[in-house]
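Look at the two complexes coming up: chain A is in both, with chain B in one and chain C in the other.
Presenting the complex of A and B:
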């Protein structure tokens, strides 16, 4: 291909790029982080994540619980980044992944500084809050028992300043509603912070 | 220019024709080929076994693949991936920089040896090369693009990364994808869809040689750039050269070692030409020839060379 031929094709390429459906473009750049879909501990804010992570998969490999999974090309530019589906396998806060991350995408933090998200209790579906039984599974499973989840007149209450968003409560929760959500879900409220 | 003057300095007239490359004192046939294949195989074995070790045995001594490889507490970070990460986030992270140092030093001293001696794509390519269409084995095969395209690939890749604000090569890096696919197969019992890109990269190997590596791999471009003034080069002893052109037939990068093109920025020190050379005119040399005169001309000479070659093809 010579230069003239190449230059002649430039408008065609520009047209294709502009005609590319906006929805698809948004899909390519859309973050996979959502309710119960979280980054491993110590993750940088989500708008930096795709740029900083080099997709080496080492966090996935060292995770002894296989909680961290790798996204594929359906996640657009986030292909190859790690994600935890907490209702399937929650994070046990062993902090092995933050030790191996070569780019600082997962900062080297401790268990208590971890903020993967915040547990939020749905008081309509929660067995204890709706008065069906005296369920306190989440309270029992919380690694920061009596600190991150406390019992207020036998009903679980989340303490926002202590909850790490590890998802052990979500995984243990016996309730699953029509949308596949539990009665206690992790919301990634810190993902876009800073 | 020194390389051309070397060619001109050769005595004219008929030369002794040697039959076959085996036998005879000073023959180097097959010296590097088997070792290269072994190294490529071992390098592939590393990324093949480590997902199994991690998943089934919980052994974390080895992690990752050729985007970042962890060996115990020693980390390697692929320079282009590290550079992308640095450009997009505009932040320095010391472990990442240290991890990039060893691959960069390797490229600086030895050239693109990662590409020819370690990269899993090269391993597959060498395997494919041994069961390929007849006729395509010669002179870079049937499918060919200019060498200089690799610089466009590198610049385009970095520009696209900075425009998108999200890295491109880390998502579709062929050597990285090999590792990712193996790991996905072990950890998730399925393959990732982007593995199709590997098929696209390796398909031209059926009719060409290192088509992607030679003209399109941004990582190869970066390593070639870093290794432009490498210490280790293949040097030519013009008085021993019989101009049989076996080296040109052997070169997977479609260079002509007998005309001094091994000194160019595009040579990746695989040693195929050294193996093919009957009279042992080609040899690896540490800081070979005269580095002073060679360094300055490399880019200029081979840009011109590439253009001439291109013009001839048309």
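Presenting the complex of A and C:
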């Protein structure tokens, strides 16, 4: 396909998109980023992500833990962009993906500057907070031990200035509720930041 | 939900009161919601570590549905750790062994057989071995997880029936040095005090124990004490900065293997600064030296520790230790109103583990931090019944039940009389200790071995070397277990057993406390309780060997129901006949009494009335310990009566610093140490089958100090080869400010071939206690590749 042909087809695609039922159109344009569904480290704000990422898949390829997956056609305009489902395979913060990103969609940052999201503890389902048992799995698994998660009288507390949102705690959390959520979940609060 | 208005108001009041004072009670709304109809709760003891937490198993329609703590228990006050709360999930795991499995040759696949056939084969092979190769060609290797009744019955058949003292157990690998330490220092095995001292202590000295991960519920008690009373001092001495170090006021990070020097250095400060209790020493203690236990004077001792000045010791210990640190912790230790020392494998699993134990006891004897409230020298155990079953029940090659030495004829005769078998039936020579036993398997001197409830193929140090013996075709191996393990892979005959709560029996925890667990559910398939298996096997042995004495051994137990009456009869024989008149007198702790207690009974407990009060909290204290009162010879408040010290005194030992067997050198420049992680327990056959626990820690890794990692070019997650003169592992790296520089740390639960660290560890052992030096060997570390995705692994049979 040459450039001319491609350009000629753009209006047709736009027309198809406009003619698409409104309910589905929201699905096509909706960001996949949600609770425990995060972009890899150093990602630009979500509003820019789909435009900046060229869907080369290098970050997916380089990830040694297979944590980064490539979204498929069901993700609409976000198809081909990378996403991490932290309760399945969390990010180990090896920072290999940010090194290979050719476009700067994933900025070359260090481990500690990473802000994929923020861990939030559900004090109602958390075993330590609800007083059921002496669990401190999240505390033990945190790569910034005693910095990002601290223990206050044997109960875990998140320090938002240090938490990177890597999701190692979410993955290890022994609680899974009816909605598939853990007692500690990563909220992508930085994804839509200015 | 059945809850009256009155209950509700009571609980509301309790909760408001609790929240007012900042306590979190272990019951709450969600727990109440769990008490739905149709669930019955059965009290018992936790299956995992040696803390002895009491808990209840929830059963609905005959199936386990959950576990919860018992708030009235004096061990855990209703608190449980994650392992304790979740182990019920492995009870109905599809991997459970449910039928006897047999194979003629170890290379063949297993085939299912009936119990009749299985017991016939086991009896025939043991009888043949005895007939052709002598009594010492058969052996039993048991476990600190077997119930007391099981260990007792096994050793009775082996000693009284098959006339061999080849009775050993995995506690040799974990607390033999503590036994040696207690016997040589105090004259009697097992701690003087118990957990209750933690609430009264003002100084904790934790050495060689990562209590926070290995005994989390006890750690809560220490932490609670520290949080409520910030002036309480916590000293942690460990070459690795662990989770326990986090609450320490002082963390002494010494070079591995220099612990004896450190302890002598503290004693030096105590002597130099006159912090010792002159009165206590002159009344209750003597000083001893050398193999011949020569009595020496206080001045000799002073001269001996003069060689361990804080400056010199700081130089030996390296790490972050300064002379002033040693002075500071010695002062804290000596001047506190009560000091509790805690240790586990870091001290016991050493070439000189008994000496290290002695040196801790020394500090307590010197300063009089013993026998009073809030002061104790408390060795924590790692297995739920290492104390109760194996130490007290005669589960080691040199001891008979009731803390009796095999080599003493009088004591052998007492046991023979109690069993109603001819005198002289129990051989006078102690059997093989664990390492000698598996060396004998290697040499083919042992022809038939029964391995019960443990996995030596993974848990022995330098395991590849000993697994060669287990693989020999001329060694017949019977395994009794609930899951396939690394050891069942070497077995000829695998017998499926009932799990905890599927049978009845007693566990004895760290603090001399015996606790009953009654059967609550049926075992899956055709799994049977061990006591039934042993009784039936012994009956067949008696037939085959035409030996009426073997029949006599099981005669009191024939025909009894294996789920309750049989273990009760065994316990009754053991307590009433065999512990009578011994220091672990358990006559008061009958099944009826134990069933009435929220927790259990601490021995000595001579009668039921006394046992119902909970037993003896402090040994040797007149008025608290009935035996001390009976043995009393004077008006002093304490009376020692330990069988090992004829002078009835505490002994302060002169023990020099001793290096580990293998020191790092140019070829193997790192110290390698091993240990545990909170989510797993020992060889992981149970905790690995709980998805929540496995997900948190799916495989072993090696912890490397960041400075070493930088030097070797190792980044977090890289695959690293850990190699010693014996074996090699390939593990992902965790670069972490944990181990001291020049040391790497690996946890040993993983069953995967390339991550089984006991292929690498050293099988040198303490000449006194025969406990191997798992904790220290020399290794080399090399980066192999970048991170790789790894899969958890369990033996599936």
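Structural remarks
The criterion applied here is as follows: the second predicted complex is superposed on the first by the 175 of 194 C-alpha atoms of A that agree within 3 Å, B and C clash if a C-alpha of one lies under 4 Å from a C-alpha of the other, contacts with A are read in each partner's own complex, and residues count from 1 in each chain.
Everything below uses one rule, namely that a residue touches a chain if its C-beta (ideal position, glycine included) is under 8 Å from a C-beta of that chain, and two chains touch if they have at least 3 such contacts.
Small disclaimer: the values here were computed from a predicted structure and weren't measured.
Annotation: superposed three-chain arrangement on chain A; chain B versus chain C shows no clash, the two fitting side by side. When the two structures are aligned on the shared chain, A:56 is found in touch with chain B, with no touch to chain C. By the touch criterion defined above, A:8 lies against neither chain B nor chain C after alignment on the C-alpha atoms of chain A. Within the superposed three-chain model, A:172 lies in touch with chain C and out of touch with chain B [touch as defined at top]. Contact with chain C, but none with chain B, is seen for A:146 once the two complexes are overlaid on the shared chain. Once the two complexes are laid over each other on the shared chain, residue contacts for A:66 go to chain B and to chain C alike. Legend: residue contacts after superposition of the two complexes on their common chain; A:133 is shown touching chain C, with no touch to chain B. Least inter-chain distance for chain B and chain C in the combined superposition, rounded to the nearest angstrom, is 7, based on C-alpha atoms. Residues 64, 66 of chain A lie at the contact with chain B in one complex and at the contact with chain C in the other. Put simply, chain B touches chain A in their complex at residues 50-51, 54-55, 58, 60, 63-65, 67-70, 75, 77-78, 81-82, 84-85, 88-89, 91, 93, 95-96, 99, 164-167, 170-171, 173, 176, 179-180, 183-184, 187-188, 192-194. Contact residues of chain C toward chain A in the complex are 22, 24-28, 30-31, 68-69, 79-82, 84-86, 216-217, 220, 223, 227, 243, 246, 677-679, 692-693, 695-697, 715-717, 736, 786-789.
Against chain C, in their complex, chain A makes its touches with residues 64-66, 92-94, 124, 127, 130-137, 140-141, 143, 145-146, 153-154, 171-172, 174.
Looking at the complex, you find that chain A touches chain B at residues 29, 44, 48, 50-58, 60-62, 64, 66, 69-70, 72-74, 77, 79-80, 96, 100, 102-104.
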